[in-house]
């Protein structure tokens, strides 16, 4: 019985720990995504509407205590920012190919 | 400035009347910024008279487009007066008069 | 407001105009306009919903509406029309407009209407108490950049 | 991006020096015009000023029905009143643009003193500000009424935008607008040129995309979708939102330069605004 209790306590501690970690982790990734979002706007002079939407949704989930969803959305935002950057890099090299001669 | 614009042109004894009336024509189905439905408010009746004679009367529903447009033809001549009036669902009215060209 | 009363009212208005500076309006046919079905709306309006399709009624409306909020519709008829109505079947209230055609006015009506989705549009011409129609399906597409 | 822009401009300038004016705005324009003439051989050149209706007969019929009594006439009338109404200091827009304001073909232009593109909307608001009045909003409302009135009085004037060769900054602004037009943006990965040039006339879901040649002639526009009047920059912003790119500020450098480029591309056509569009 005592063993069971100890295990249960340990398990709950572990789960509390992971909860705390998610909290911090989600917050960190949201901050990362926000910074990346601002930086890509500076670098490329433009931005995708969906990136900021994802960041806002992440913040909203975070405020509601839904850290798993918050982290997932923030990671999505990071992906979108990455894609924006790649698009800009490709376009800087290729846009002139569309100009009729 | 009247809410009603009239163009009336005679050709071969027939007057072609075109009129555009500035009115929101709220359907009652649209939602405002506060998420609440905007109450219906629309022009219900339009009538036209020329030289003391009613030449056209129409009753409208909310499904007539914003700033209602109506066009009809009646037997008349250049120089005839034509007066168009409307009355809306709140009892407001307006009228305008012009001379057939 | 059936066909007769709208006409009567129009006549009354013409007389009233001689004495009154402002034009008076007939009673609005609330029941016909708030109706949800074409047939019952016709009943309210004309006291009948027996209609006959006729080549003498011409209805001009687009195959595909550019924008459902502004669809140009034109009805014309060679019949001796007392009144012309436009019905938009799939709208919440099908009756869009009914116009009185006094003697000396041509059987012609042009306007712009709203339609929420793809629907049958019917022009109804009341001539001597009989209803003649022309119908056409107008497609309403939503989406893309302009819809 | 900015660095790239600089190098692009340097490249173009370099080219024009080494190959004598190859790749300049005028060559761009001729190739641009030819592209649309080849793509839509049934459309008379001057008809491109009518937007998508120049290539879509079924839509054109509805448009003509709207043009019978166009909704923008109400804006023109309102604009006439605003145009002639006195500011607090007793002056009016008449003092800036003459009795009818028929100055459409003077805009947009490159202002050498200030080093920026001046659009007609900007000129109207600057006139107001210079006379101690509040500027109008940039996208809809009174600005469109006033410019509708001015454009209406200017109908038939030729589009003749100039990129002055004695000011390299003018060419830089033109090139910036050009790069903007051909660069893919947004999550949907579209350049202006994708919809309105390479696949102009194709269906995007339910809509046919309009040719960009002639795009700039008809503003302001009463758009059925808006159920109101709007400026060209309002439309730019709407297009960007459609492709899920953040829009730029109306009358900011980006849209002003884009207007400079697309209007230049329509040189030789006639100004025909205001207009009704889907």
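Labels for the chains are A, B, C and D, by order of writing; each one numbers its residues from 1.
Rule of thumb we're sticking to: a residue touches a chain if its C-beta (ideal position, glycine included) is under 8 Å from a C-beta of that chain, and two chains touch if they have at least 3 such contacts.
Everything numeric here is computed off the predicted structure, so don't read it as measured data.
S.K.: Which chain pair is joined by more contacting C-beta pairs, A-D or B-C?
M.R.: Counting C-beta pairs in contact for B-C and A-D gives the edge to B-C.
S.K.: From the mean C-alpha coordinate of subunit B to that of subunit C, what's the distance rounded to whole Å?
M.R.: That gives a centre separation of 15 Å.
S.K.: Quick one: subunit A and subunit D, Cα centre-to-centre, how many Å?
M.R.: 38
S.K.: Just the number, please: Cα centre separation of subunit C and subunit D in whole Å.
M.R.: Each chain's C-alpha centroid was found; their separation is 40 Å.
S.K.: Could you work out how far the Cα centre of subunit B sits from that of subunit D, in whole Å?
M.R.: Roughly 34 Å separates the two chain centres.
S.K.: Check each residue of subunit D and list the ones that touch at least two other chains.
M.R.: 68, 227
S.K.: List, in ascending order, every residue of subunit C touching at least 2 other chains.
M.R.: 69-71, 110, 112
S.K.: Which residues does subunit A have that touch at least 2 chains other than itself?
M.R.: none
S.K.: For this structure, enumerate the chain pairs that meet the touch criterion.
M.R.: After working through each pair, the chains in contact turn out to be A-D, B-C, B-D, C-D.
S.K.: Please name which positions on subunit D make contact with subunit B in the complex.
M.R.: It is residues 68-69, 71, 73-74, 77-78, 81, 227 of subunit D that touch subunit B.
S.K.: Which bits of subunit D are touching subunit C when the two form their complex?
M.R.: Residues in contact with subunit C: 58-59, 61-63, 65-66, 68, 195, 203-207, 209, 223-225, 227, 238-239, 242, 277-278.
S.K.: What residues on subunit C touch subunit B, complex-wise?
M.R.: Touch residues, subunit C against subunit B: 1, 6, 9-11, 13-14, 17-18, 22-23, 25-26, 28-29, 33, 69-71, 88, 91-93, 95-102, 104-106, 108-115.
S.K.: Along subunit C, where are the residues that touch subunit D in the complex?
M.R.: Touching subunit D from subunit C are residues 62-67, 69-72, 74, 110, 112, 141-147.
S.K.: Any idea which subunit B residues touch subunit D in the complex?
M.R.: Listed in rising order, the residues are 1, 5, 7, 18-20, 22, 66-67, 69, 71.
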